[in-house]
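Going by the order they are written in, the chains are A, B, C and D; count residues from 1 in each one.
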Amino acid sequence: MVKFCSLAEALAENLFDGDSVAFEGFTHLIPHAAAHEAIRQGRQELTLIRMTPDLVYDQMVGMGMAKKLIFSYLGNPGVGLLRRCRDAIENCHPRAVEIEEHSHAGMANAYEAGAAGLPLAVFRGYRGAGLTEVNPNIRSVTCPFTGETLAAVPALRPDVTFIHAQKANRKGDVLVEGIVGIQKEAVLAAKRAVVTVEEVVEDFADVHPNCCVLPQWTIRAIAVVPGGAHPSYAHGYYARDNATYLEWDHIAADRESFRAWMKIHVLDAKPEVFASRVGHLRRAA
Amino acid sequence: MVKFCSLAEALAENLFDGDSVAFEGFTHLIPHAAAHEAIRQGRQELTLIRMTPDLVYDQMVGMGMAKKLIFSYLGNPGVGLLRRCRDAIENCHPRAVEIEEHSHAGMANAYEAGAAGLPLAVFRGYRGAGLTEVNPNIRSVTCPFTGETLAAVPALRPDVTFIHAQKANRKGDVLVEGIVGIQKEAVLAAKRAVVTVEEVVEDFADVHPNCCVLPQWTIRAIAVVPGGAHPSYAHGYYARDNATYLEWDHIAADRESFRAWMKIHVLDAKPEVFASRVGHLRRAA
Amino acid sequence: MSGPGFTPEQMMTVAAARALTSDDVCFVGIGAPSSACNVARLTHAPGITLIYESGTIGAAPKVLPLSIGDGELCETAVTTVSVPEMFRYWLQGGRITVGFLSAAQLDRYGNINTTVIGDYHHPKTRLPGGGGAPEIATSCGEVFITMKQSLRGMVEKIDFFTSFGHGDGGDARAKLGISTKGPTLLVTDLAVWKPDPETKEFMVTSLHPGVTGDAVQATCGWKVKFADRLEETAPPSGLELATLRDLKARSDHD
Amino acid sequence: MSGPGFTPEQMMTVAAARALTSDDVCFVGIGAPSSACNVARLTHAPGITLIYESGTIGAAPKVLPLSIGDGELCETAVTTVSVPEMFRYWLQGGRITVGFLSAAQLDRYGNINTTVIGDYHHPKTRLPGGGGAPEIATSCGEVFITMKQSLRGMVEKIDFFTSFGHGDGGDARAKLGISTKGPTLLVTDLAVWKPDPETKEFMVTSLHPGVTGDAVQATCGWKVKFADRLEETAPPSGLELATLRDLKARSDHD
């Protein structure tokens, strides 16, 4: 049964040291507030799963919380590299991080298989790609009808998935709209799911029947965190803060400037700060 | 490039003798008008594909147009058996019909694989089911990660798919909403797709971004046929005509009453008749 | 109507409804299963989630649908998904606690035939076939079966294995790699049946009011086993009966 | 700005845009590909369909997005689908005519590295990796590559095969069971390149205005082949340049 609670409580009750965890969002609706709470609570030895790790995993890796990264694009979208992840992979700073690397197609199919309760995903992929030589989790199956060799990857089944969504209703059903990305699959593939939302509404009577709605019984906990996706965005609520993505390239370039930024903006902050960060990004009504 | 034209023209240019064809719709939005046009134009030697064949395939089989049926539920939903299909299978009247039978999961996965450009679908199914012994297209693959044996079926790739949808915009994009069933997959899996719609609107500016919209370049032809799903229904336009489904059980019970009904209501009718059939089923606005 | 104030079919529906709880997520078939699930929802199990294979999740129909895809289901659902998603994420994904099945032929181990009477390739009667049943039988947490008893329906040996129950009994499911419980309840118009924990053969655990063991045996094609402590099914309560009658009255299908 | 009135990067974007038609369905990457596709859409190819891997199909942004998932894309798209659907139905389904790729390292056969400089397990520089590229390279009808020339970028041998071009040339794709054309066009800031029909080695077919063959060779790490009939790329038209500048001016990313 879903529980409405504070983000601190939702995280404390659902993310544990050593867990495999997905903080998912494909450019849109990235659960920054939830990731910051995980950093504040100091979780360790995590396996971080995400197609597009971007800033939040750069921060978690930079803080030494990750023992492993499973990903398909380790960049700051449209900006460049992730400098804390680079430091970890190239220099083992602040610690060594194991990596399992896929293509987007591989990760998307693996989440889909996880949501579908299958042990593997089968697709046409990785042909001629070097990843097949460095990732032992890229294997193959042969089609018994055509003889074609297809790629196979194991299903992703995170211990826990965190997403940010536009809204929940009072029963705890959750609505995700706009660029829905991989969130539904990441939630359904996980053993536990936690959602931060912009707001709670009475009901979804005015929601289109084919919208992406996650029924309340698929979710463990919901925390209301307005602005919780910043500097990512929430379609219908506030725009993407592109300036912050560009700025991150400079903050993360240096170990000291990174730690100083993390202290002020994450360790000494609270989820409530996110609302103020998106004030200037909200549309005129 | 999509073409707006009459149903007669759309059918004449896209369905040929010997084709494999899916007239899809899962209870909702069944393309009855298109099927009736195929009957009027007298197509022969068709392989009829559909999860839930129901009345339209009972009619086409009864008229001797089908050489093969690929299906997963050969019933009149909520009513009982399909008596013309029974007559064909049990008594070879009016001709023998080959059958390839799956479960819903098997068909749904096979359409999905067709839409996804794969040669096969892999899923957990058919365990202990007798269909594995009578359908040589149910095979298996072994998961290279867990060793689990999973079911495999060949992708469905109809020569042509017909669906009925609520509306098209002037560019030819098509909106399907409500119980969307298997229609998107059936269209994307097919070499050609033809859509009948309730109406054409200027644009989809007010349509939710995550609705099921088929872009115009995925469709060959669109014909406007108000009521074209009757006695099935079109969410937002008219209700299901349950009385007609019940009545069909009596009409199809007898070869003569069947042929008499077909002559009046199909062979001597036109697509325009469908609008009048749904008049009493439209909701008060 | 005379006698007890309810029909055997109403008793069957109500007895099936009672087996459901607010925590259940049910894959609902049309007919008696749909009636039972909606009676449960409107009486003791308001939190129950009803899923129809057409894609409607959390449907709360005021009217009993004739088909599994009536408009009423979509209009009242929490969300409506595509059919591939339904079978992949929701059924195969292991999210359904109870699947309801009916049978044209049933054997003592809960194996079901709705495909053919006679030989598959030369059938005496071609039935509709399995639809969702083959995977409902193996992917749902457990399976409830409802059917009216008859010698034609409850048979020693079914003509075709549309959906797998307990096979030839015992650990037959585990041997096929099936991890779900399979049929755990059979509710007929005469009795409630549950599988023997070891052999998995269905045995009568409760007789509906006024029904004798002989009546059960007379309409069952195999030698019936009765539980040592045989109970009598509580008759439908006033609320249960009124709820069922109201549902039927609003569902004017003929 | 001095000289020709346009920059080499603008020439690159415009030359890439010209290769697109109204019938194309493009899988668009961020940066130069996105600029090229939108210039095409706003000039000679109004019917072009732009697909961004975030799920937006038929996007028509007024502003160039910084990321492949900016809100502008969804708001202007014909429809927005989930990421698994994007990769299964639309990319793997064979519906994309042209995929755009960029490269950190490129070899003469159009093989691309965006993964690591140095050894994979002990990299000198860890780059972002492939994202959608491995399957874009094999599932799109053909692949267009855009990049600025440099000795570091255009190399004899790439450090990692992020995405497969023509392998070691000839029929290398067919040998791997890949049925699509692969890289058919390379547009740099200096020239337009196309693969030799037999060997599949990229050769210069057109030099941008004012560029010499020596300048191309000086910024390319392999021995450059030039087509027998070497053309000069037409300079950006007034409309092309104005369209590109307007797009950039509206896209205030820094």
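General observations
Definition applied: a contact is a pair of C-beta atoms (placed from the backbone, for glycine too) under 8 Å apart; a residue touches a chain by one contact, two chains touch by 3 or more.
For clarity, every value in this text was computed on a predicted model and none was experimentally measured.
With contact taken as defined at the outset, subunit B and subunit D are each touched by A. Interface comparison, A-C versus B-C: the higher number of contacting C-beta pairs is recorded for B-C. Each chain gets a centre from the mean of its Cα atoms; for subunit A and subunit B, those two points are 39 Å apart. For this pair, subunit B with subunit C, the centres built from the Cα atoms lie 28 Å apart. Look at where the CA atoms of subunit C average out and do the same for subunit D: the two points lie 57 Å apart.
Chain contacts: subunit C has residues 74, 80-81, 88, 92, 139 touching two or more partner chains. Residues of subunit B found to touch two or more other chains are 112, 116-118, 123-124, 148, 178, 180, 184-185, 209-212, 235. A complete list of chain pairs in contact reads A-B, A-C, A-D, B-C, B-D.
If you check the complex, the residues on subunit A that touch subunit B are 116-120, 122-124, 137, 139-146, 148, 150, 152, 154, 177-178, 180, 208-212, 235. Residue ranges of subunit D in contact with subunit A, taken from their complex: 30-31, 53-56, 65-71, 73-74, 80-84, 86-88, 91-92, 115, 120-121, 123-135, 137-139, 160-164, 167, 172-173, 176-178, 253-254. By the touch criterion stated above, subunit D contacts subunit B in their complex at residues 25, 49, 57-58, 74-75, 77-81, 88-89, 92-95, 139.
Residues of subunit B touching subunit D in their complex: 112, 115-118, 173, 184-185, 188, 204, 209-213, 215, 217-218. Partner subunit D is touched in their complex by these residues of subunit A: 26-28, 51-52, 71-75, 77-82, 85-86, 89-90, 101, 103-106, 108-109, 111-112, 123-131, 134, 148-149, 178-182, 184-185, 212, 233, 235, 239-240, 242-243, 245-246.
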